[in-house]
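What follows is a group of structures, each given as structure tokens.
Two complexes follow with subunit A in common, the first pairing it with subunit B and the second with subunit C.
Moving on, here comes the complex of A and B:
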């Protein structure tokens, strides 16, 4: 059980902003931390790791990590941290990176096997691809048998294919070690696949907290589906108007009437939903 | 030069580590002291050190009690070389340490290692080309140092004369041949250092 009640003044995108978070996190859970950039996600993670100070308390399994007078050093917390830009030790080979944390050859080899990296054990980090680096970083974080695994957008620098592969590996590791995990992520499919709880931060405050489905699903009432997208353009074709909207990685067209066209503004975030038709789902030909 | 080199390793590198600390108190003062030999005339530094380390000096008197004298002694030459080369060692090292990615250091901290362990096992090996280059340049400076050496060592022939001072003495005595031989010797050493630095630079690029 992790109990957090912290406060810290941050310099956000709109000047000073208080970070104010009160949370309790169950053992063995996988929490996704989401929210716009500058909302305080990374700072919260760094405060949990002991890399930044804050006012308040953090209690992990009855052990005080932070209170009004005392801050436990990051070295003594027994955590694993996966950085966005890998942060591997450049002078050490893959296996040395793991063994530097703890001299446990059996565990290091087991971890590398689990993510199919055992053949690259002697390679130096600068000869690895981004995905490989992040897998090593993940293994390194597990070497300490951490009480808490913290990941700061671990997959955001990787391509979609590698992302999916690593999501499976993160899941494999989480099932095997049952480490309580907090991961910062923006990717809804990633959050849905991995987490059993989503916390959304905005301007330093928790604005949503629940399971992935209830937080991420955008439909309301009897809507069959609903997408959020950016309105790129409105084009007049004969007597009707066509809105060009970017949703995810795709561009779609939606027919508008004149009054709708007048109300919508190019550049704004819009919701596209339907009620009447059942959507058709098919395997993509690609 | 050899003894100065050992001092560089034993004192210069830890000094760079300390100066690279973000929250060091009076950092500007230490930085100014280390950089001083680069700006302040060597003869003047030599004179101030003579006052400081002399038998009646502030520091020298303590050592005089336990029978250690710096002035007009080989130890004086070592100190002269060390002080003159120090800024050339510490400044580039400090910059390399400060530029080392913070996340990598933090990854080491959360792995349970303190800042000294992190420095010795990760930062120092990672910036090795810079360390070796800085050591070479600082040692070359120590080799060519004249001003402080003259004041502290006293230019006693056969005891406290360095290569550069030996050339000065030879020219002063009119023995141009000896001066030329000594110069040739220094040229060989300098070219050696130059090539070593060049090799380091290309090895760094290949990384």
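Moving on, here comes the complex of A and C:
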């Protein structure tokens, strides 16, 4: 069990912003930490890792990592940290990067085998792809059997295909080692696939805390198929109106009646929703 | 968008699938949905929604239909386009709009002032808003 009750004053984009987080995290859980940039996610990870100080307490399995008088050094906390930019030693081979953390050859080989990297053990990091480098960082973070694995947007620099592959590997490692994990992520599919709890920070405060579906599913009344977009145009066709809306990288059309067409303003942010029964789903042709 | 003010009278559930029944001015209505909208319970006052393109019209209705929602209505106004037709209906003191093809309107010989039946499938009726949450 990890018990966190910390406070720290941060300098946000709108001036001073207090980070104020009180959380209990169960052993073996996989927590996704989400929220807009500048909401305090990375600072929270750094405080947990001992890379930054804060007021308050952090207690892990009864052991004090932080209290009013004391701050346990990062290397004594038993933490694995995976950064977005890999942070591997370029002059060491894959296996040397792992053994640098702990001289446990059997564990290093086991980890590399789990994520299908055992054949690349002697390679230097600069001969690896981004996805391969991140798999090595992940294994390295697991080398000292961490009590807590912290990952700061570990997959955000990777292409979608590689992301999916690494999500499966993170899941494989989590199942095998059952390491309590906190991962910063913005990707709904990643959060849904990996986490059993999602915490959303906003302006330094926890604003949502629940399972992936209850936090991420955007609903409007009984409408389960809901998106936010920008209203680009409204065109009258025969006796109906057609709204053109941009959602993500796509343009969609929605039929309106006259009163809706009158009330909506081109350029505004709109919510498009329908019941879960209406959409048709097919394998993408692309 | 059509809006009907109604009261929740019954909730039946099977895992996260639900059938919710409503009372709309003495007329029973029902819809199917997944997880219940936040705050919805028996006795809740809700605003139901239905798109004009999801409202069918029947005249001199006979036989039995699977439509869960059948409301007696009067045609207030018919606006003909080239292909489509917008029909304004009066149901229990409120106005509902239906889009049907002009061909259907002509085939049925719909005229203003006429009594018809409005039909809405349970999968197409939805909760727009739960009031007093």
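To be clear about the criterion, the second predicted complex is superposed on the first by the 246 of 286 C-alpha atoms of A that agree within 3 Å, B and C clash if a C-alpha of one lies under 4 Å from a C-alpha of the other, contacts with A are read in each partner's own complex, and residues count from 1 in each chain.
To be clear about the criterion, contacts are C-beta pairs under 8 Å (C-beta built on N, C-alpha and C of every residue); 3 or more make two chains touch, one makes a residue touch a chain.
Because the structure is a prediction, the values reported are computed rather than measured.
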Touching partner for A:240 - first (subunit B), second (subunit C), both, neither: second
Which superposed partner A:276 touches (first subunit B, second subunit C, both, neither): second
Subunit B versus subunit C as contact partner of A:26, first or second or both or neither: neither
First, second, both or neither for A:80, with subunit B first and subunit C second: first
Contacts of A:89 with subunit B and subunit C, given as first, second, both or neither: first
Which of subunit B and subunit C A:230 touches, first, second, both or neither: neither
Touching partner for A:7 - first (subunit B), second (subunit C), both, neither: neither
Touched partner set for A:159, first subunit B, second subunit C, both or neither: neither
Which of subunit B and subunit C A:49 touches, first, second, both or neither: first
Contact residues common to both interfaces of subunit A (with subunit B and with subunit C): none
Interface residues, subunit C side, partner subunit A - complex: 1, 20, 31-38, 46, 49, 51-53, 79-86, 97, 99, 123-124, 126-130
Contact set on subunit B toward subunit A in their complex: 101, 103-104, 106-114, 121-122, 125-126, 128, 207
Subunit A residues within the subunit B interface of the complex: 49-51, 73-81, 83, 85, 87-92, 100-102, 126, 137, 140, 143-144
Residues of subunit A that touch subunit C when the two form their complex: 219-224, 238-240, 255, 257-260, 275-278
